[in-house]
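Here chain A shows up in two complexes: once beside chain B, once beside chain C.
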Partner chain A sequence: MTEQLYTVASDSETTGEDKSQMSFPDVAIGIDIGTSNCSVAVWTGHQVELLKNTRNQKGMRSYVMFKDDSLSAGVTGGATREHGHEERDILSGSAIFNMKRLIGRMDTDEVVQASKSLPFLVQTLGIGVRPFIAALVNNMWRSTTPEEVLAIFLLELKALVEMHLKHPVRNAVLTIPVAFSRFQQTRIERACAMAGLHVLRLMPEPTAIALLYAQQQQQLLHDNMGSGIEKIALIFNMGAGYCDAAVAATAGGVSQIRALSGSTVGGEDILQNVMRHLMPDFDSLYAGQTMDRIKSIGLLRMATQDAIHKLATQEHVEINVDLGAGHKVSKILDRGEFEKVNQSIFEKCEGIIKQCLADAKLTPEDINDVILVGGCSRIPKIRSVVLGLCKKDDSYSGIDPLEAAVSGAALEGAIASGVSDPSGSLDLLTIQATPMNLGIRADGGNFAAIIPRNTAVPARRDMLFTTTHDNQTEALIAVYEGEGNQAEDNHLLGYFKITGIPAAAKGTVEINVCMDIDAGNVLRVFAGVVKPQGQAVPPFIEVRMPTLDDGHGWCGQALAKMYGSTLDLATIPKKLHP
Partner chain B sequence: MVGFFSLCSSTHYYHLQLRNGSVQYELIRPIKYRPRSIIRCCSTTRGKAREDYYQVLGVTVNSTPQEIKEAYRKLQKRHHPDIAGYKGHDYTLLLNEAYKVLMRNSPRNAGASGRGFGRGFTGNGECVHHAGETFAMDDVLGSAHVEVQFGDQEQKIQVAVESCPVNCIHWVMSEELAVLEFLARPQQKEAHGVFGGGWERPRDVFAAANNFTKRLQREEQQDMARQQRYNNGKKK
Partner chain C sequence: MAPLLSPPLLADSVAKFHCSSTPTPCSGSVRRWAITRFAGAGRRRDWHRRRRTSGRGVLTVSAVAAESPSSGGGVAEDYYAVLGVMPDATPQQIKKAYYNCMKACHPDLSGNDPDVTNFCMFINEVYTVLTDPIQRAVYDEIHGYAATATNPFFDDSAPRDHVFVDEFSCIGCKNCANVCSKVFEIEEDFGRARVYNQSGNAELIQEAIDTCPVDCIHWTSAAQLSLLEDEMRRVERVNVGLMLAGMGSSVDVFRMASTRWEKRQAKVLEKVRRRVSQEDSGKGSSWSDVWGAPTRYRKNEDEARERAKRAAAAARRWREYSRKGADKPPTFKLPEAVSNKE
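And then the complex of A and B:
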């Protein structure tokens, strides 16, 4: 295979003089920005290496500290060792964390609502706009946005990588949760752009792990020529913010994603459940954020987090913490109680795996390996739930639960940058699948899926629609993404109008809507009139999605209010399709 | 405007696929919107014959799902945009579609016999049931055939087409209809003593039609050439 240098065509090339850049093929780095921890890895020419920060950590706490005029992110964890940030400082209200759960969400989102109990300020108006977030600086709330916080963090991360590699870095592969909407993905891209990084790929976390698994299987094959049969792995990844599952079929270095599913449920939810369990009047006590309440929440949070970690290995744990202002928690929490409190979360995990298996049309017996990754995979109940559903005694042991995703991202970065490795350890490929249905609004408020979920990427599908009124000359194409049957239950990605439709009786005009997803996961929508044909029809329209910016919650309602059903479309039963 | 088959559509499709990027417009205006008519038996999905999907993956119609998977992976490794760059996009789309169709239609239990579908003329008359004006049972051959083009409403025909258990009804261009009709009729085989003889129909009526038209053209050209020579001769 010829070695290709990947070049970014779009960005203006201002740093042309860099000699180091010429000698180094611009290999994309792999970044895993987790809700609580973050790591970065690079392809060193023959293997993937995780980079350590100045404190010798591979997994760095994800937060940005706002202090006076200076900002510092969790990558360095404070400028010097003696000024290092303690967990106490992070929870003092001056640091923003959990950006991954907040990014690209509206203030009506329940995840945003649940984030109100975090020590920093999350203010919502409940009208479908971006929440207002702020950090405490000199006893004042200073406003910021999740994108900005993420960009600051990434900037520091980039500096760390450049220090290690001694040449500038431009491209990156980031892992994202399966549950991320396309709108959220654009927010991540924007944060990267602010930090001077070009996003080569956004990879769902389990698919990054699948790639790593494919590499390991391939190496096994080389070592002791284990037969090249197909192996099917179920990957379950649960971190602090999100939970994903995937079924991947692997053979010959190619991992094919058969099904993906995910949800916004993670360690943070478990933590909050336990906190509420320990302090039954949590919500009334901490209703408004005052200085002492913030401190008190911080203490409770630390104690709870510590207890949950201990419960991974112990049967019960004693919690003794003085929260100040006469509040005190002293309690012995045992594992049974912990599991009961978080029952609904474990059920959600179960649901995700069941759906994933059903979508892949597989039974537990078909699964060869179960890969458990992410911080929450250490919780015994999670392990038993996943292994129980897959009817396995133990999980796959060759993968580090905290480093897998970032290693996979770095591998993908090397592959997508066109690096080839003589020893064949990069002779890999992931065939991605779409995590959510993509379609448009049709037949009233219904959602017509054009590309169903779990379609292999790149994908292109089209569908025919027709007008719903006589002499309808305009039609609105509103593109949605999600699992709901009603368009309103899904995420609106964008909309555009087809104008100049030839006047005809309703149901006679045929409008083709085609969706195309390329390997970089860019979605393009094409639409136009295909019947009647001739010179009288308008040209086709190509739109890159998502087109919406902030306040996308409003757009659907505004469109409905303005146009009602006058621009509606109806589906045509599919023709000639077995 | 009457029709019969659609092999032409698939070649047309490739053609568009291979030119790239800007062809969207034509791409999503596939053959099915052209003037067309019905109908006959063999196997298409939206104007593309299964045979073409086999060709895309480079496997035979007798391949097992395992072989199809392997071929698919091998080709993906060569053409996936991650490896081949953006120019691999269109080809990978085609691969994905071929894989989807072939895997969907080849049930696991068909792996043993190796043939999950039959190109054939079984005695199943589902289509006759749904669109009786258009299709009729042929008792001699044991299969249904088109009696009247567009004998029923298009909708009914659709149902019939979709109900065909062996996917053997095709939309074809009207020009080719006559040739295909002729070739699909059983012909008497040449007999060599006690061997051979009897009646047969071309196994692949499309290929046969192709050959047939080619032969016609060649003969026409030869005729023309002969005519010309004759004319030239007269001039002298």
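And then the complex of A and C:
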């Protein structure tokens, strides 16, 4: 269980518990905040129901409008007004969207760099701090952060849910991309805390989909009275901001994640590639964040989105858009050209699927079902790449591509909340896996992985280290997360020092570093000196990660420069601690 | 073997719970029926408790353990027994048993009790060992589930680089803890010495062995250590003061571990012999290629030694976990995971 980082005063706190026939008062809701669309679902006692907003929509746009000094999120889409927000308004610079892509990122990130072409203001310094983000309000740029925008959005979402369920909502299960770092996960939890929501679980999106798949297989067994054979599914999820792959084995209602793999490319990258292809000299034509530029970006963006949607069913599409000031785009884009422009993105998708199959030690013939979800799963090239790698003609058809993740999150919310169903619909369990390696910096600048990728959660692993200098009495424990072999290729989560190491020759003192991940995905690091002969040592240090709040790119380099050599640790080769 | 006098353990409860569903020849039908009925009763009560306490229900098998106080024969013998399968189980059977165990002790379903979470981690570790074909072959070799295996106590080729304290000979004089305190400590339950850290100064360890007044410290191989730790987990002991006063029985833990290993291999050989006579080679069993198993992992000598050490480390951890039901929990080197209650 993740502890709350903030105490948030909320009106719902003082409301007495309201009995409801619709659902259990304590059940956690499922939320899927996508980069472009979001949805919310809840277990109603016998099935999962997606909740609709006041405009009768299940999928709601993920944005917050800051126009005219009033805030209104995409949950209601400005339904209190006479007319809802139009696409033109969202692209006018007054709305912040793509929060999920921007949250928890540094300004050296290529995703942040690509976001500078969005209508709202994104400024970067390129030094490893968080980017500056602002919305256009009354002809002025007003600054905000992705966490604030997300919190405003979640507040409206929470109000919507409470209106439906007629009682306060406290707990939520949220879906996150596989490629989310722990730093980004902490940001999500903080935004939820600001909105008065407690995160019960953070689920990678393919894991949530695997749980829904497990439930469907369970119901098939009930219907057919068949034997409980095991099924293996490859799940590929590509939304606007991320793409994920997972291999899940399911039998008897248990969903076991065998491998997870993710990347930070998505539909937004495809869109921007096509925009750049249609107008290569856009940046030189419109210098600075002027009103003309914002308007032209919006027009070009709408035309490109429309074209990409049509290419899913047509071989070629005609694009005609007048950007104003004498600039026009008139072009016929065919599918081959579209695929050529986005070749690198399709190669990344192919890479994460291959890595998933390799990590799970499976061949394509071992896969029973291929599940394609996410908005980009409609792109014909994506489908042919995924189905080709898995040697399948068709994908699994029992799951809605846009509702799968939120349905799985609601299922997990019901299970983790302790709901039981007499009909057995909730006789389910997800055995999650860690998506990234976790370890510390050691042996100079190397990354020593303590909990490897795809370890079943909950997990605890430890590793022995030793000193690198004679009479070394302190050691720096810098915790990293990622796939690189060098520490600085990965995300720095936090750091602390071990003090009071007995003075001895180098390589003789043993330091144990243990990492523990509980079912709520909370990471703790324990480190200390293994008891030496005849001397007292300080107690072990327990640190909950991540501890960094900002500037971890800077911080990692500073730590390496200041303490990299003097407080370094070395791995003890091939010696196991029983 | 003396039956355990302490309350039933989590591991035993899980094994007992699943042994009732997995038919075993040694179980009487009356006991199986009784356990099944108690399991049903515990499950019904557990649901009510779970709903009332908002999902913080107790472990189902704990209710089962409370219902059946007799613990004779309930001790889990090995990793297979922890999951509730026979040593010749196929990978599919192991996976199914693993899923059932996870339904019983996964924090999603049983709350965030630290003991349950720790046991869940242990089950994950056991499953990792048994699903890796090479790791499982090493485990079978060490524990006598391979027909061509050599008894580790008669195998002179393995290096004896691990150390073990025969606690039945130990008189608790604390000499080894003083000579080499990095390795030896006096455990709290019975006042005897025990090895807590296998990484230490070999010369100091040798000095502790030489100066021991009752010669209870021995060099062993990694495989021997695994078997000895298993044996220590089963045998009940009395406090060292009471032993010195003449109570309790003296046992030879080396001979007991070796004898048990021989019995396990005898079972394997008997099954292989019966299978050859029946000519049912089509049956699905992990022993179908039992003769080819040793050559698979012997290709890499270093890797085999590494896996044997991992098995020894896992045996020690299992021993610590299985003492969870004892009156006094052992002192872990690391603090337990703290549960975050709302």
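FYI, the second predicted complex is superposed on the first by the 539 of 578 C-alpha atoms of A that agree within 3 Å, B and C clash if a C-alpha of one lies under 4 Å from a C-alpha of the other, contacts with A are read in each partner's own complex, and residues count from 1 in each chain.
Here, a residue touches a chain if its C-beta (ideal position, glycine included) is under 8 Å from a C-beta of that chain, and two chains touch if they have at least 3 such contacts.
If you're wondering where the values come from, they're calculated on a predicted model, not measured in any experiment.
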item: Combined model on chain A: chain C and chain B, fit or clash; value: clash
item: Touching partner for A:126 - first (chain B), second (chain C), both, neither; value: neither
item: Contact breadth on chain A, by residue count: chain C or chain B; value: C
item: Partner chain in contact with A:522 - chain B first, chain C second, else both or neither; value: second
item: Touched partner set for A:415, first chain B, second chain C, both or neither; value: both
item: First, second, both or neither for A:484, with chain B first and chain C second; value: neither
item: Which superposed partner A:507 touches (first chain B, second chain C, both, neither); value: neither
item: Chain B and chain C contact sites that coincide on chain A, given as residue numbers; value: 1, 230, 251-254, 256, 412, 415-416, 418, 429-431, 455-456, 458-460, 462, 510, 512, 514, 516, 518-520, 526, 530-531, 533, 540, 542, 575-578
item: Residues of chain B touching chain A in the complex; value: 24-25, 27-29, 32-33, 44-47, 69-70, 73-74, 76-77, 80-83, 85-86, 88-89, 92-93, 96, 99-100, 105, 158, 161-162, 167, 171
item: Of all residues in chain A, those that touch chain B in their complex; value: 1, 4, 230, 251-254, 256, 412, 415-416, 418, 427, 429-431, 455-456, 458-460, 462, 510, 512, 514, 516, 518-520, 526, 528, 530-531, 533, 539-540, 542, 575-578
item: Chain A contact footprint on chain C (complex, rising order); value: 47, 50-51, 53-57, 92, 95-96, 99-100, 102-103, 106-109, 111-112, 117-118, 120-121, 124, 127-128, 180-182, 197-199, 204, 225, 302, 306, 309-310, 312-313, 316-317, 333-335, 337, 339-342
item: Complex contact set, residues of chain A against chain C; value: 1-3, 26, 198, 228, 230, 249, 251-254, 256, 412, 415-420, 429-431, 455-456, 458-460, 462, 464, 510, 512, 514, 516, 518-520, 522, 524, 526, 530-534, 540, 542, 572, 574-578
